[in-house]
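Going by the order they are written in, the chains are A, B, C, D and E; count residues from 1 in each one.
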Amino acid sequence: DEMAICYNCPPEWADWAGQVKNIKRDTGITVPLDNKNSGQSLAQIIAEKKSPVADVVYLGITSAIEAMKYDVLGSYKPKHWDEIPADLKDPNGHWVAIHSGSVGLFINKDALEGKPVPQSWADLLKPEYKGMVGCLDPSSAFVGYAAAIAINQALGGSLSNFKPVIDYFKKLKQNQAIIPKQTAYARVLSGEIPILIDFDFNAYRGKYKDHANIAFVIPKEGTVSFPYVMAMVKGAPHPANAHKVLDYLLSDKGQAHWANAFLKPVRNVKIPADIAAKFLPASDYARSKTVNYAEVAKQQEPFQRLYLDQVH
Amino acid sequence: MKLNSIPIRLEGCAKTYGSNARVLQPTSLSIGAGETVVLLGPSGCGKTTTLRLIAGLERPDPGGRVYFGDEDVTAKPIEERRVGMVFQNYALFPNFSVRDNIGYGLKIKKMPARERAQRVDELLELVHLTEHGDKQISQLSGGQKQRVALARALAPEPRVLLLDEPLTALDAKLRETLRTDMDLLLKNLGVTTVYVTHDQAEAMVLGDRVVVMSNGRIEQAGTPHEIYFNPGSRHVAQFLGSLNSLRGAYRDGEFHVQGGRLACPERAAGLAEIHFRPEDASLLPAADAALRGTVASVQFLGDRSRVYLDGLSETRVCVEAPSRSTLQPGEQVGVHIPPERLLIMEGE
Amino acid sequence: MKLNSIPIRLEGCAKTYGSNARVLQPTSLSIGAGETVVLLGPSGCGKTTTLRLIAGLERPDPGGRVYFGDEDVTAKPIEERRVGMVFQNYALFPNFSVRDNIGYGLKIKKMPARERAQRVDELLELVHLTEHGDKQISQLSGGQKQRVALARALAPEPRVLLLDEPLTALDAKLRETLRTDMDLLLKNLGVTTVYVTHDQAEAMVLGDRVVVMSNGRIEQAGTPHEIYFNPGSRHVAQFLGSLNSLRGAYRDGEFHVQGGRLACPERAAGLAEIHFRPEDASLLPAADAALRGTVASVQFLGDRSRVYLDGLSETRVCVEAPSRSTLQPGEQVGVHIPPERLLIMEGE
Amino acid sequence: MKLRKRLLFAAQLLVTLALCAFLFVPVLTSALTGFLVNYFRGIKAGLTWKWVLEVITDYHGAIVNSLLVAACTLVIVTLVGVPAGYVLSRWQSRASRFIEELITLPIALPGLASALAIISVYGGLRGFRISLWFIIAGHVVFTLPFMVRSVAAACAGQNIRLLEEGAASLGARFAQRFTTVVIPNIRSGITAGALMVVTLSLGEFNLTWMLHTPQTKTLPVGLADAYASLRIEVGSAYTTIFFIIVIPLLLVLQAMDRSQRRKP
Amino acid sequence: MRDLTLPAQWRLALLLPALSLFAAFWLIPIAVLVRISAGGHFLATYADILTDARYVNSLWQTVLLSLLVTAATIVLSVIAGLFLTEHEFPGKRLLVSLLTLPLAFPGVVVGFMVIMLAGRQGLIGSISQALFGHKLVFAYSMSGLFLGYLYFSIPKIVLTVMAAAQSLDKSVAEAARSLGAGSWAVMRDVTLPALAPSLIASGAICFATSIGAFGTAFTLATDINVLPMTIYTEFTLNANLVTAAALSVILGVVTWAILMLARNAAGPATMAAGG
């Protein structure tokens, strides 16, 4: 049986479930679904450094940069390497971005109990949303850290000043925020978490694929978009299969699948008009900025310490 | 120490467990104030059940009544009946010391600590445990535990003392000693006492009156002498001691059996069987005797011997002999049984 | 059924548990082929330990030897000694039927099924359990279990039969019956038997020889008559029956005590105390007697009475009387003790 | 007096019923939820098999893995645990008590730590690491004490030593005694231990979460996945499947316990 | 002591398989873990951890929570367990089954049960919404975890209480009553003291299980600050194996120490009562 083990390919995230089926169909390689988050995957790879289990790993960009420090990533430059912008790949092929998304508010309108749809980061601190807001744990999940960066930038902080977001999280916690450690897509759909700080693609998927009464909001104060990357694991047990998988993910078909799943493909593939129409208007996306991801990666650990010490 | 006592009366008390297991047939029994009544019977005959009815730990089936003096206590729970109870396994409180066990009932009655301590001291002396007062229960021997249980039951000055086989758990020698002590104590206390046992020696030593039970009913009640010498039934006779049976027929003042004949009261006329106890027969040389048998075996028991005889009747017969007897198996011997010692049970 | 038997010899067998608890002092004991020896003694005196040494369930301390005939079996485990053993609580296999329990030893010996079934039938008959063969162990009464245990031990034709208090778990009446059965069976089998008990009546009935133990050593060994009538020590005498003590002094063929004097062998000269057993004294009118006392109490026991007398010696004395005696507390009575029945223990 | 007694009775009954509700109502809700089209909208929206089927198609691997792991664990634990429990109950000494204590430690120590420990020693053996045996190893040390104790208790309760002495006096050697007397008489202890081992293994999460790889997911790991990231209906359906597997085992265990207690 | 029916060679042969498996897959790994936890400087590593307010805090919270859970469980289980042993009524067996069924539910499932009860969509929320117009949601807080630990502790202790109560010598209570003691006095002087050893024993096990439980916290997966969660975070946060290992060792030692204390208080039955 042809296998490539992927860490962090959650079925309910970025439609990895569909992508994995496509990979099986088009290349014959089986990729088992896996529900770790970025932090867990990295930790696991580091723990298994002597004798890796995984072939490839899907990481938030900062985790990939972090992983370099531990020398656990192999290198491979998949096809279409040259089409990827320079800041979205490691020059030595240790990692490469495959798609990106913007952080925003993923809202189940049915679960709001008649309250208005919040429009800004500040809205979330209002007492009426008490116990309704979810944010993934910034000390564990990449989404959480991404959210923290986005909020920090929006509230006037910088990569050397995290005070705004720390204060914000403190207040959010006062407002009985739910802090899950893993993707919580389904919990938003079920109404368990009415408002989740999450990526746009999850919200679109809920709205258009699962036909729930979902809204996605890019907060007034602005936000940040983040790429997700794939990387080879150093000493991968099935390198050939892993290469095929990486090639596939950056192929036209693979990239188109991301677009269908409402992610922004890293390559400049054409997005079908009907899909494009489902995104928020470009005016909203104008509030979504990029940042220096290498610096973001560098600040991850200090920030997480700060978060654990001050908020947790 | 002298306690007030009260008569007890059971009227038509039956007890059924579950839906159809009647373990006590409707029973009536009067116990005089200060009397010691022993309930005697084989295992499972309903002794404990009767005792628990008196104690208030069980309620009789509808219709049954329990009186303490003139008061109907049928509906009263045990804690309001002022009875003292000693359980077979003593049921001491393992978490309390000897003193606290004995003083428990007084503490419940809210007796001041000073007074309580004094009374506990008295009781410790009564049961000869003064130097063991501060021990834990687990440090006591069986006989000591038994005495603590007794003292504990006596402490709150009960109107009635109920004891359920208090000596059964002890070994034979100790049982004999404590039996004598208990006899003395009960006589001195003068409290109405109901004592349950399946040991006939205990029953005879302790009871002013012995109530023999079997299968959930009273078979016979009377003084120890009455029930031993005039058992109402073979069953009672057998339960109270050893019994030999002679099969045969009465003719002209004598009872004729396989091994000869013996003088016999006329009451036996028409009966096919008469009985006697091993200790009531005596052995004599065969030549002089009207009744003869052959020695089958001799059991030396120390203080006496038991001689088993064949040929007297269809079944083997046992006769007591002095322990120094030198009889040998096979020997012919004569047997004499005084006619007034024969047990003739006409009811059979 | 008749079994081959073999003599047993213990030589200097001691047993120490742990580092310093010597529960059996070095003991030597010879048991003749076919003899029934009873080990008698109070709880904890080392009876079971001795039996287990013979069985091969324990090994004696270095230096001790166990011989079966001429063979030194000290190092042999029990399964190679060919002994039959009956345990106090029987140790029957609850997972097997009665037949399978009895046949177990034969199955282990690989006896063919046909032959085995036949032999089990014989044994079932021997112990009167033919109709219970297919029952489960849990369906048996105590006495039946005891007999299964016996049959099981006998099945593989052991050279030695070892029984550890086989009757203790049964109630008094049943014990008496089975004791007689057991006596008969052992006599018929003629197998070397070691029987452990703490019941002196059992010991005297069953033993060709009785070995009285205490505190891990043998106090006295002899026939039942020997140890009862000539106890080597007061301790043995007390253990085998009741004992009265008279304090006083010997003078001119008589022993002078508080209540008078009594004829006494010269051996007692110089002793401050002589003893007698309750059944050896007889009561007579006070007027005629050289030795007198006052009745303190009378215990009616059914087959006899026990009369407690004060004033004879410093301590209360107990004398047996016929059960129909009509003595009353306070009465003066005379006591006669035949001089040959006095127990005079010079060793003390 | 009467009134007070009745009040007391009522209060106790109330607490008991409340506890039962607390323990059982969520079980019922989740069983029901597994068949609801939409939990959010409730039973009005209708019932469906969809979620159950989805769980079976997506997670049958995990379920099969769990059953495999439980079976292997059971076999191994029985083979090594029964003799060990027997010896530990029969051999009364300081050493045996120490050993018993030692092998009980994995219950006391958090599973997370045990798993970390196993990974740090054996994580490097790739073939082992990615196979189910890696998880089985963890489950074996975790469930072993339960079997050992159950067997030891059975030996003590049956007074097995006495039975063995009986057998020995009849000429049986050790191996014969062990097979004909010891094993048959502690069967109920072994069965109870076995049921316990299977139930625990099927539900083990603390260790397994660390020990598993994407290919060796077990049922509870799948459950955690489902809870964390799937619809609540799917989680419920999955839970229901877990109950269907585990509850019969528990009921048998309870029945055995009862019948044992009824025996004198 | 020599036991001639269980020869030493058999003793060894029968123990060896279990011991070797145990040594191979637990003893040695744990030893290695302890070594790793030292991170080269045993004292320094542990001193760092034990002075880090976050870890100490986490340890405290864990211990406190477990204590509360244990106390609450014991109180509730004694009430229910005694009630169920003392009274016979139709449907009793069903109640007993319901009470003991969750005995072997894994922590994750228990977590889910808590969400079912006290989550946003949970029963308690719906009921409180209907009654007070306010949704009561506490699944994702310490209270939720408390509820979860209660959930898996109750069956164990109820079982222990029932077993202990059934084997109680009824006559001791009857003796107390014969001396005039009412229900409360019997409870205080007889029943509770008699139950105490098994309560201490099973309470200790319940406490230890709560301290080490991970699945429930994991499922509730929010920022509950219990030590197993902290260990997990340490491990997943930059694979901080040293700290994770050291915290595990500390947790293990604390748990073990508590079990030991309980055993000394309760007598030798402690470990046997666990399970």
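Assume a contact is a pair of C-beta atoms (placed from the backbone, for glycine too) under 8 Å apart; a residue touches a chain by one contact, two chains touch by 3 or more.
These numbers come from a predicted model, not from an experiment.
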Report summary line: At minimum, the number of touching-chain hops separating chain C from chain E is 1
Query - Far-end chain from chain B, centres as C-alpha averages - result: A
Report summary line: Looking at Cα centroids only, farthest away from chain C lies chain A
Report task. Express in whole angstrom the distance between the two chain centres, defined as the mean CA positions of chain B and chain D. Result -> 54
Query - Euclidean distance of C-alpha centroids - chain B vs chain E, Å - result: 53
Query - Rounded Å distance, chain D centre to chain E centre (Cα mean) - result: 16
Query raised in the report: Which chain C residues sit where two or more other chains touch them?
Result: 57, 77-78
Query raised in the report: Which residues belonging to chain E are in contact with no fewer than two other chains?
Result: 1, 5, 115, 121, 218, 221, 235, 241
Query raised in the report: Where in chain A do residues touch two or more other chains at once?
Result: 47, 111, 180-182, 190-192
Report summary line: All chain pairs satisfying the touch rule are A-D, A-E, B-C, B-E, C-D, C-E, D-E
Query - Touching residues on chain B, where the partner in the complex is chain C - result: 43, 171-172, 180, 183-184, 198-201, 204-205, 224-225, 228-229, 240-242, 277-279, 297, 299-304, 308, 320, 323-324
Requested in this report: Over in the complex, which chain E residues touch chain C? Could you list them?
Outcome: 1-2, 4-5
Report summary line: In their shared complex, chain E is touched by residues of chain C numbered 17-18, 56-59, 77-78
Query raised in the report: In the complex of these two chains, what residues of chain E are touching chain D?
Result: 1, 3, 5-7, 10-11, 14-15, 17-19, 21-22, 25-30, 32-33, 36, 76, 79-80, 82-84, 87, 95-109, 111-117, 121, 123, 150-151, 154-155, 158, 163, 166, 183, 208, 211-215, 218-219, 221, 228, 231-232, 235, 241, 244-245, 248-249, 251-252, 255-256, 259, 271-272, 274-275
Report task. Show which residues of chain E lie in contact with chain A when the two form their complex. Result -> 54, 115, 119-121, 135, 137, 140-141, 218, 221-223, 225, 233, 235-239, 241
